[in-house]
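First the structure, in the form of structure tokens, and then the observations on it.
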Amino acid sequence: MTISIALLGAGRIGKVHAQAISRDPNAKLCAVTDAFPDAANAVAEQYGCPVRTIEEIISNDTIDAVVICTPTNTHADLIEAFARVGKKIFCEKPIDLDLKRVKSCLQVVKDTGAQLMLGFNRRFDPHFAGIKHEIDRGTLGSLEQATIISRDPGLPPYEYIDVSGGIFRDMMIHDFDMARFLLGEEFTSVQATASVLVDPKVADHNDYDTASVLLTTRGGQQCTITNSRRASYGYDQRIEVFGSLGMCAAENQRPVSIEVATSDGYLRPPLHDFFMTRYTDAYAAEIAAFVAAIADQTVPQPSGQDGLQALILAEAALKSLREGRAVDPAEIG
Amino acid sequence: MTISIALLGAGRIGKVHAQAISRDPNAKLCAVTDAFPDAANAVAEQYGCPVRTIEEIISNDTIDAVVICTPTNTHADLIEAFARVGKKIFCEKPIDLDLKRVKSCLQVVKDTGAQLMLGFNRRFDPHFAGIKHEIDRGTLGSLEQATIISRDPGLPPYEYIDVSGGIFRDMMIHDFDMARFLLGEEFTSVQATASVLVDPKVADHNDYDTASVLLTTRGGQQCTITNSRRASYGYDQRIEVFGSLGMCAAENQRPVSIEVATSDGYLRPPLHDFFMTRYTDAYAAEIAAFVAAIADQTVPQPSGQDGLQALILAEAALKSLREGRAVDPAEIG
Amino acid sequence: MTISIALLGAGRIGKVHAQAISRDPNAKLCAVTDAFPDAANAVAEQYGCPVRTIEEIISNDTIDAVVICTPTNTHADLIEAFARVGKKIFCEKPIDLDLKRVKSCLQVVKDTGAQLMLGFNRRFDPHFAGIKHEIDRGTLGSLEQATIISRDPGLPPYEYIDVSGGIFRDMMIHDFDMARFLLGEEFTSVQATASVLVDPKVADHNDYDTASVLLTTRGGQQCTITNSRRASYGYDQRIEVFGSLGMCAAENQRPVSIEVATSDGYLRPPLHDFFMTRYTDAYAAEIAAFVAAIADQTVPQPSGQDGLQALILAEAALKSLREGRAVDPAEIG
Amino acid sequence: MTISIALLGAGRIGKVHAQAISRDPNAKLCAVTDAFPDAANAVAEQYGCPVRTIEEIISNDTIDAVVICTPTNTHADLIEAFARVGKKIFCEKPIDLDLKRVKSCLQVVKDTGAQLMLGFNRRFDPHFAGIKHEIDRGTLGSLEQATIISRDPGLPPYEYIDVSGGIFRDMMIHDFDMARFLLGEEFTSVQATASVLVDPKVADHNDYDTASVLLTTRGGQQCTITNSRRASYGYDQRIEVFGSLGMCAAENQRPVSIEVATSDGYLRPPLHDFFMTRYTDAYAAEIAAFVAAIADQTVPQPSGQDGLQALILAEAALKSLREGRAVDPAEIG
């Protein structure tokens, strides 16, 4: 069985998914759409599929699924539209930056019985998935603490910051999802701190560039998350989970694994400098999981609900920051 | 110039310091005392020095300095007694578990102009000192975040827990000192979480065995500290500091640095399983620094004030935990 | 400009190259041939290209180049045939196991002015290429010593051993090429040792499974090569080069980069267990280099001459082994 | 029981052993001698023992053992003299640079039934000993290959080279011993190469500065040894042993284990720059083993015979180099 997939949005991340779809032996890119005709045409030409309007894709019964890579503010509407016609949906995170909108969208998903998978790509990174595998097979015993360090190579453009929802909703949301995914528990306490240390102009854009959060589950498990928008040495993406029997850590990744020893010491090259090269394998595995879930008629993970929970943690972190206290996510919304 | 040092307390840590003194070419162990005559005699015999009473040491003008390794509840009284007779004082941390008593003791130190060095041995670990060196020479740029993970190999005896002051005052106090030492700033916000995950009996002894803290300076620098009283893989002691130009991390230490590759994978041996073997070099360097400060007539570091500040952070963490809010250490005392 | 490439041989390595060609935006797989119709049809179907006979490919003017992945004993004939019709040729190593045949084939290549690239894929591994890059930019100063360790995960089938030409011509030939490539000099002395330690039946097939070689250049540069046909921990592929200013080493690669710490110690997963997953990136980069050389009208590297020199080193190693002396490759042929 | 030890030779290595003896609770430094009175007096003063002549030490019945650290050309005579009076003997390697003299000396040792331990300190390095431990417990299965890389931080003085016996007898002899110690077999084939690459003046002193050797046992086990007299990045001391079940490698050691990540990459400090700081623990463990063997009345290892065998391998390497062929050590002497 080959799954027919239409691509909605042919920008940077859309192209990544187009390539992943084209290389998946069980999937076929059958249509592409984008507000910018040039972008759509480029993908259409490269992968040999037609450009279609969203309406055409909605009404085309031969299309099994859509991959939504359009701007964030269109996600919820598109999810609802495709949920109503019974298409399988993969949507880049977030569903929306507004919690109410996310909830109403997920209500539609629920009412229509649609299958929605959310694009938390890091769950599919082979190294992070390796940690999960060790957790699941019991190597670490009962889990007690997690440490997540996530630093971008550099600050995004100010225009991006303006529409991003801020560091907690845009960047740390990946780490919130990972914390939930790995510990397998919901958090009942969120304590946050955040600063502008990288670039003072970030404050003018009502955001932070440096943030840390302390999460606690009802059972007392603890997780620290450390974020910075800039790391001189590349894309710093580390996770470790500690339990009664041991600890598992994922190492940082670099494009070239050599070490040069001179009188200065032993030098290894910097890390990846871009999320797309760092997470190439993760993006491919993510689409493969979406395709496999459709083929096997199982529920794709992570779900819309996972997206909602991560967003609630981001809101709780913001509330903790404003009120200088530990916030229970149950207070949110 | 050879510094004459009397050792007060010939227990486990006392013996470590006796050895360090005996190996320091600029120091001489000239007397030892202990409430248990056997303990004093053993050290006296091994290092060829007489057993003396505390009173004899106080009144002996040929003794330049004392190293205090007696039980915690005697520290403050001894510091005061030796401060009043003008001896240089090295005291194992903490000065006292009670903040008021620490303050009154430090007042005596101040009034007498005594020189007091406090035993935060980790500052003298060559690897952590290596981080400090990189910070001081500007390699990391302006400092932004620190991550400290400190896990003991195993739970101490319950009787120890009962008199320890609890995980924040006994264990994390080392990390509070290290955070202050490395970042070079005072913290204005402390957020804490703590649980009993290792051994439920710890709760019966009114303590926690698993704790994490989030510290923020006035300038927005952030530090996370993660503690556990038990790590299956040994004595986990990691520090990293991140700044505008880069990051510096100290690796864990193991007694044997080999790697065995089999069909199971690549295995390196566990870490040190005991603080004394892990910090052998640090203890030697600590005493050497004390001796050098006396010889050079400089002020030994870390000071009694450093001990006070670390204790205040521990108190702030406890208050944050109880009140579920960010606590400014300025609120304490 | 898109390069039209025909694939000769649709077996295991043929499929790897088919995929690499299909993913290269500057290349197009335009025909496939194989003695087994099923194999040819499978590739033809997956990549949407016709099955053609060798004769059809020879006579088709729209085909720019061929990639030869047929059995070794057909390589020389095919190279000559395609050289004579002016097609660009990529051929899997070796050209032939017989030195005379290699030489006569390369004479045809020379006479026809054909462009022949030989499949020493490891030159294109990003990590080994990283070493080369450091050498070329002078980081290591003048080169003095190289250490190459190459161990297969497991013994190949006996039938493969029978036609392989033996461990020196089949396996160590990659390391001979790498030694020449990295040091940039020809060797004037070859000293070899070889044993059957992995599986006594290897001796029945007139081969060795464990071999080491010591190479010296006229200028006194030294290279040790260590081979084994079996490593319990995976595909062990390490190279380091040492010079007057420093040393550069490429680390082994594993599919999952995690570390699990338990009471047993710190365990990282085994290495890749298959040359195709280990060298995925190398195979893609190799075909890209072939395509780029055609497009840019430059001479593709490594050349047929490189294949000849590596084979001569293998012959010299065998001669050294038989005669118990250092052999100058100039003695060969 | 405390072992009374006299130190013969109070130079650089003599001081290392004096310190090791003084720190060993089961040993006592009871006398020191040196051709230079100042050197003897300095050790005597530091460790509180008398200066004595060699004759006085020979005739003193209260002295159990001697540690010989005098110039190489006095070793054999001293060993014989102390063997004849029944003292236990620890002697720095080598016994002599002349094979005949070594043999006649060992004959005296044998005839007198003396106990002689030779100073191959690296056997006592905790990391190399860790490899041996893994071998002995069977982790690696049957042994097949060893790789030893040993590079000095820098060239010794020319005067040292003149009396050293050359790179094979002076430097690689440690690696020959280690190869025998780890593989537990004698070698039947030695193939060598050597060059002057570090400093052309080394040739004027009739020595090489860069050498590699290929050793094979009767059973076909292989060992490569790579030496250089200069490494920009410090004292490079690596050993790995490979067997049917796996591989064990000892990592290089550095004084400060930190890693600094900047835009240049991840930098760890250089290795130790001096054999004394690199092998501090090994020297202490070596003397402890000598003392323990005396106390326990067991035969100390490594023996004089071990010294002889290593020297024979060095001679075989030189012969291989001169004659351009594989040399069986049985040919030597």
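Every chain is named by a letter (A, B, C and D) in the order it is written, and numbering of its residues begins at 1.
Operating definition for what follows: a residue touches a chain if its C-beta (ideal position, glycine included) is under 8 Å from a C-beta of that chain, and two chains touch if they have at least 3 such contacts.
Since the structure is predicted, the reported quantities are computational estimates derived from the model, not experimental observations.
J.: Using C-alpha centroids, which chain lies at the maximum separation from chain A?
T.: D
J.: Count the C-beta contact pairs for B-C and for B-D, then tell me which is higher.
T.: B-D
J.: Between chain B and chain C, what's the gap in Å when you average each chain's C-alpha atoms?
T.: 57
J.: How far is the middle of chain B from the middle of chain D, if each middle is the mean of its Cα atoms, in Å?
T.: The computed centroid separation for chain B versus chain D comes out at 39 Å.
J.: Which chain D residues touch at least two other chains?
T.: 231-233, 245-247, 261-263, 269, in rising order.
J.: Help me check something: in the complex, which residues belonging to chain D touch chain A?
T.: Within the complex, chain D contacts chain A at residues 231-233, 261-270.
J.: Okay, in this complex, where on chain C does chain A touch?
T.: My answer: residues 23, 25, 46, 126-127, 129-131, 134, 139-140, 245-251, 253, 255-263, 269.
J.: Which residues of chain B touch chain A once you look at their complex with the stated criterion?
T.: 141-142, 144-145, 147, 149, 151, 189, 191-193, 195-198, 210-214, 216, 219-222, 224, 226, 228, 230-233, 236, 242, 244-247, 324-326
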